[in-house]
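This is the structure, below, for whatever I ask next.
Lettered A, B and C in written order, each chain numbered from 1.
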Amino acid sequence: MRQDADTATERVEGKLTEDDVRRIVREEVEHAFKRDPAARRASIIASKGTLDWAYPPLILATTAAAAGMDTAVFFTFYGLSIIHKDFAKKLKVDPVGNPAMPMPMPIPDIVSSLPGMVPLASRMMRSRFATHNVATIGELLDAARDIGVRLIACRMTMEVFGYDEADFIDGVEFGGAAAFMSQARRSHVTMFI
Amino acid sequence: MRQDADTATERVEGKLTEDDVRRIVREEVEHAFKRDPAARRASIIASKGTLDWAYPPLILATTAAAAGMDTAVFFTFYGLSIIHKDFAKKLKVDPVGNPAMPMPMPIPDIVSSLPGMVPLASRMMRSRFATHNVATIGELLDAARDIGVRLIACRMTMEVFGYDEADFIDGVEFGGAAAFMSQARRSHVTMFI
Amino acid sequence: MRQDADTATERVEGKLTEDDVRRIVREEVEHAFKRDPAARRASIIASKGTLDWAYPPLILATTAAAAGMDTAVFFTFYGLSIIHKDFAKKLKVDPVGNPAMPMPMPIPDIVSSLPGMVPLASRMMRSRFATHNVATIGELLDAARDIGVRLIACRMTMEVFGYDEADFIDGVEFGGAAAFMSQARRSHVTMFI
């Protein structure tokens, strides 16, 4: 894309004009924007603690990291459940209040509210994902750590919810919103999930 | 803002110093950042499938496109309902679990859970939006396609939820999270809705 | 990091080659990307109107502003409740449909749906946050205004929900999605909460 530097040097040595310089600068800058460091970073907040909303942050984070991006997921509020040692038991899906959830038949909220419907909906979603070869949350967490995604638990929410460091899976870091923001401001991809 | 190039050329021909060059570069770079290509792209994920949450991705996407931005919306999870051929029937609003929804009178969840409340709340929201001249979801989808917003259905979720390409409105593309991420990483505006 | 400019000038006066210029440009551009103006802006949408989801936009916005970033929060849809004069009464938390909410004991949705559960859960969350010295919503709103966070109410939603300017706390601006987007497109941090 750029001219051969040696030839160019010979041609213009000692005679570069401001126009030459501006042309060179525009070439370099256009090239530099294609390598914008912010395009190589993704900063994701995972704030929800249901089985269905545990997938998007982990899928997007592993996708970003697989594309070579420096990726961090900040787990805060209910999202702490995703990296809790008992995530398999903690992550459930609740059909109440979500009429978009595909169910075998329409179920009014008064029925979805009955005891037993949350475990039933959770089992249904797990098996539906498994049938279609979607990785489980456990597999996605493993993949995220293998590929270098930083998993950061929000210290403030940990305190409020009464968790301590030992409650979380291996490899989790602990930090605050300020540290997360200092990475996010240098990232094009920033999402609150 | 920048000096007239011809005059400058005459003045300094053959005598550009490193200081001159640094000054030129800083001017050009400041100018270039104002035309940062990432400022011309918006990448939005639509993940919810209720009537109320169908508005924000379509309003924000058409707003971005109207401002000249290359805009893509990636429909995933429950968000697939928004671009389903039967979106008008599929998109409902559920007052349960959302005490912030403006209702004519306060209604406890036990009452909102009753059969009939979801269609009632959905009718109320549609009529309230229509009264205030807000475009319908159908109109927003038309506007989005007219103005060049790319509507992309998530292949993975389509499989999990048992949809195929024929289930979606005309003009929808089909793709995965990796393709979406390669656009998002070059976009300033990235949102998960 | 960069060479001393005076020394360099002396050495190369009148003899800058294209290679010299490209080296200078790359140094300047690398330096400029570290000061990318988009890294100094955060544009956040607050769309939810429950007590729990009122915290994240205010915490993230004050964190960004404290780090010196130009920060705007656009309150739309149910998010308008956060800046309503009666926010203290309007913001409640509803345990229905959120099995991740930490409750003293597991409560099935049919029980959480009963009248009285929303105020109970709201009181619980307020006291839990207070015990752990987390600022209240009122304190966070004050902090946001003190530190220069722009609080913008969405005019379209105000009309649909029947609010007028006098309904909101002091210091709120009023605007539309297009104005918000023109700031967001120049911001690295863009989040829909």
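Just so it is clear, a residue touches a chain if its C-beta (ideal position, glycine included) is under 8 Å from a C-beta of that chain, and two chains touch if they have at least 3 such contacts.
Computed from a prediction, not measured in an experiment: that's the story for all the values here.
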| item | value |
| --- | --- |
| Copies subunit A and subunit C touch via same or different residues, half shared test | different |
| Fitted rotation between subunit A and its twin subunit B in degrees, CA, nearest 5 | 120 |
| Inter-chain centre distance, subunit A versus subunit C - centres from mean C-alpha coordinates, in Å | 18 |
| Residues of subunit C engaged with two or more neighbouring chains | 14, 16, 21, 25, 29, 36, 38, 96-98, 113, 188, 190-192 |
| Residues on subunit C engaged by subunit B in the complex (per definition of touch) | 5, 8-9, 12-14, 16, 20-21, 24-25, 28-29, 32, 36-38, 45, 47-50, 76-78, 81, 90-94, 96-98, 112-118, 156, 159-162, 177-178, 181-182, 184-188, 190-192 |
| Touch list for subunit C against partner subunit A, complex | 14-19, 21-22, 25-26, 29-30, 33, 36, 38-40, 42, 52, 55-56, 59-60, 63-64, 66-67, 69, 96-102, 108-110, 113, 128-129, 132, 134, 188-193 |
